[in-house]
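Labels run A, B and C following the written order; every chain starts at residue 1.
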Amino acid sequence: MIKVKNLNAGYGKLQILFDVNAKIEKGKITTVVGPNGSGKSTFLKTLFGLTKIYSGEIIFKDKNIAKVPPHQKARMKIAYLPQTNNVFANLTVEENLKIAGYVLDKDKVKERIEIALNVFPELKDVLKRKAGTLSGGQRQFLAMGMALVRDAEVLMLDEPTAQLSPKLAEVIFEKIIEMRDEFGLTILLVEQNAKRALEISDNGYMFVSGRVAFEGTAEELLNHEKFKEYSLGITAI
Amino acid sequence: MILEGAIIYSNLLVLLALGLTLTYITTNVPNFAQGSYAIVGSYVALTLLKLFDINPYLSLPVLFVVGAVVGLITYLALKPLLKRGASVEILMIATLAIDLILLGAIGAYSEILSQIVGSTQAKFVFANLDFTLFGFKGILFVSTFVIILLLIGLYLLLYKTKFGIALRASMENPSLAQTMGIDVEKTRLFSWILSGALACVAGGLLPFMQEIVPSTGDLIIISIFAASIVGGLRHISGALIGGYIIGLSESLITYYLSQAFGTGFLVYGKVISLIIMILTLLIAPYGITGVDWRKVKKMLFTS
Amino acid sequence: MIIEIISLILLWFGIYYIVSLSLNMEFGYAGIPNFGKALSVLVGAIAVGGILDRLLILYFGVGGDFITGTTYATSMLNDLIASNPIVGIGILILAIILASILGFIVGAIFILPSAKLKEDYLGVTLLAISEAVFLICMYNLNIIGGYYGISTPDILAFVPGEYRGWAFTGIVLFIAFLVYLFFERLLNTPFGRVLRAMRENEDTVKAFGRDIMMLRIKTMAIGSAIGAIAGALYSLYTVNIIANAFTRVEWTFFPFLMVLLGGKGNNKGVALGVLCYVVVKVLLDVYKYNLKYTLNIPFEPVWLSYMLFGVLMLLILYYKPSGLIPEKPIITPPMKKKIMEISNK
């Protein structure tokens, strides 16, 4: 689905990503793990066009989209969910869902909102409330629901379970699986909770200091010596 | 009678402050040219009156269009600076420059118009053209009507249309709005056009209550900023609240002071606005709509 | 004619250079967007018209209302100065002292309500305060005569009329030079460097234990004191004060234009900016009616100059945001030594 070739990127003059190569497969969940400051969130932002790309290619559907601005990527059915501020706090839940379908026509939006509400029935009771008054979990549901409304093919999630209780985090993971299995979404996930995230994933990448340290199927990663050491906190990578 | 004048003034102030707040929210530009926009409107209305004998009330739609163009041009003039990420001080200086250009253009135009008409048009009022209804000035009804129309229009636009929701979304979080596929640029353009249009309409009504000279814009800009800041520069509704607070207090307080201390006090209207503005900035820097009222309630409740 | 024009250019250069230097400290160095610069100049006029004139009225025991009182009192003083030049020089020094003290106090108070605000609110507040004081001075005839105007002493009453212009120009240039030296010294001290640091990043300055509010108050107090000196000189030069002369355009916008044209943060650059502006201004003033009739402009040339200067400002902001002579990096003596060491290796 997405192929990344020799990507170098960062903020202004500060380079964060070095020569990254990756492949995100269609209809699969790919998880990026790594310690703090390893550039995994920057990787997502870069794919969506929110950082400065110095060199390299991002191939999506046989086209290099490295230079395409964010609002046009949204029209290419790529959705990106930032870690914070991922809903419009002053808009109602209903308006948020509507605005998510901004690029679609009217009937299509209605249909997609129906679908999203079926996946996230929790939102049905709070449609008229302002998103700013929702709980953390509800907000995350809304943000993911908005991605569904958009009819996205690729969904990039930046730490969706951050600051949620373990119980709620589990629900979010279940929803992610549901989105892949029911709608065939291609999902790219960045997670702190690396072990649990890899357990639900198909493929995984481990980033260290802005480079891909190793890659493979999620299972391979889970069983990799280095990963075990990292997740147990034995060695600092 | 004094209340009548205060309400008229407040209505016009709301029109002006709304535009100021709108462009501040979308582009972060405090626009010092807002007052001169209005005076452009005043002179266009005067021209239509003198040359084509059109009643200023009837020329309001024309003023709306003219103002839209002035707002658009301002935005285009600021755009190179916005694109470069210029600091807010530089943007303010740029709007001061645009204000000066407008002042020069209005002054020059007033003299050209004087030559065409054959009598001086540097100072003028429309008050003599106004009608009365139930013993009240026509401008009271017209300005109130314009405000009601505007509020209904804005409500429908912002809450009932797709573009309006997108506009509110872009105001709150432009980068997230972009990820939704919204072209944020369009919403910025729209806010400047609307801002200019509303100011020009206000300018067409202003001569019904006060004398206009080319530099009147530089005078009313204090009240406009006071209204927007008191209401809160971060919320559109702030302009409405602030406009009435400043408009009413500027008129009423000055009136009562002049009753007590003599008519000399009538010139201190702007000082009243200024004092209210400074007090607001000291107590609630983000204005009335920027205050977390729930927190205030809690504080009062616990103490 | 040409001699007179040169004299006028130099005179205006001196007055505007004083104002622009003070603005350069406030805006160019400290980053305070002082859109109320005109207030400090007006304060200088108040020091001369509102205080000095009143003292004279008291001294000479002139009766009647304030406005006509100033006429009698100043003409009595002028007779005195004509026979004794020392009095004239004394009055000049007194006016400058009064203006700088009043300016210092007003500047410190002026910034108080907004000392903690962000740049945009700060700029708006300063502009609003300045404009409100201007309006009061304009319509309240008891302060400096408002739109009627009052007389001020002619400190050069002893100089024959044809040389007065040049003599006054000399005085203004001399004071402008002193002000330049003052700022060059002041801004090359740690104080000047802290101001620049404050402009770049307030938090860093706070982290080093400096109180931002106190720095802003000091800056505005000094800046306004110097601005007031320019206002006093201007009021003494014209031998009368009309409140209408102290507009935002003339004493806030144009100084900003000069500072930005020359290069903010650079006192030598500002001199160039002031000179460019003043040459254009004086030529426009002198030849405005020739211009009007030869080009057949159907309106007063002042409106044209507003449009021109407004456009010029935008052009500077677009194409020369750091001015004709950009700010130089700070090199302190220890740094200089280090650089020498490195380059010698």
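List of remarks:
The rule is simple: a contact is a pair of C-beta atoms (placed from the backbone, for glycine too) under 8 Å apart; a residue touches a chain by one contact, two chains touch by 3 or more.
Keep in mind it's a predicted model, so treat the numbers as computed, not measured.
Chain centres computed from CA atoms place C at the largest separation from chain A.
When every chain is reduced to the mean of its C-alpha atoms, the one closest to the centre of the whole protein set is B. Our note on geometry: chain B versus chain C, Cα centroid distance of 31 Å, whole angstroms. The geometric centre of chain A is 43 Å away from that of chain B, both derived from CA atoms.
The mean-CA centres of chain A and chain C are about 58 angstrom from one another, to the nearest whole unit. Taken residue by residue, chain B touches two or more other chains at no position, since every residue touches fewer. By the touch criterion stated above, chain C contacts chain B in their complex at residues 27, 31, 33, 35, 113-114, 117, 119-121, 123-125, 127-129, 131-132, 135-136, 139-140, 248-249, 253, 256, 260, 298-300, 302-311, 313-314, 317-318, 321. Residues of chain B that touch chain C in their complex: 28, 30, 32, 77, 80-81, 84, 86-90, 92-94, 96-101, 103-105, 107-109, 111-112, 115, 218-219, 221-222, 225-226, 229, 264, 267-268, 270-271, 273-274, 277-278, 281-282, 285. Every residue of chain B that touches chain A in the complex is listed here, in rising order: 162, 165-166, 168-169, 172-173, 175-184. Interface of chain A with chain B (complex): residues 48, 50, 69-72, 74-75, 79-80, 82, 85-91, 95, 98-100, 102-103, 146, 150.
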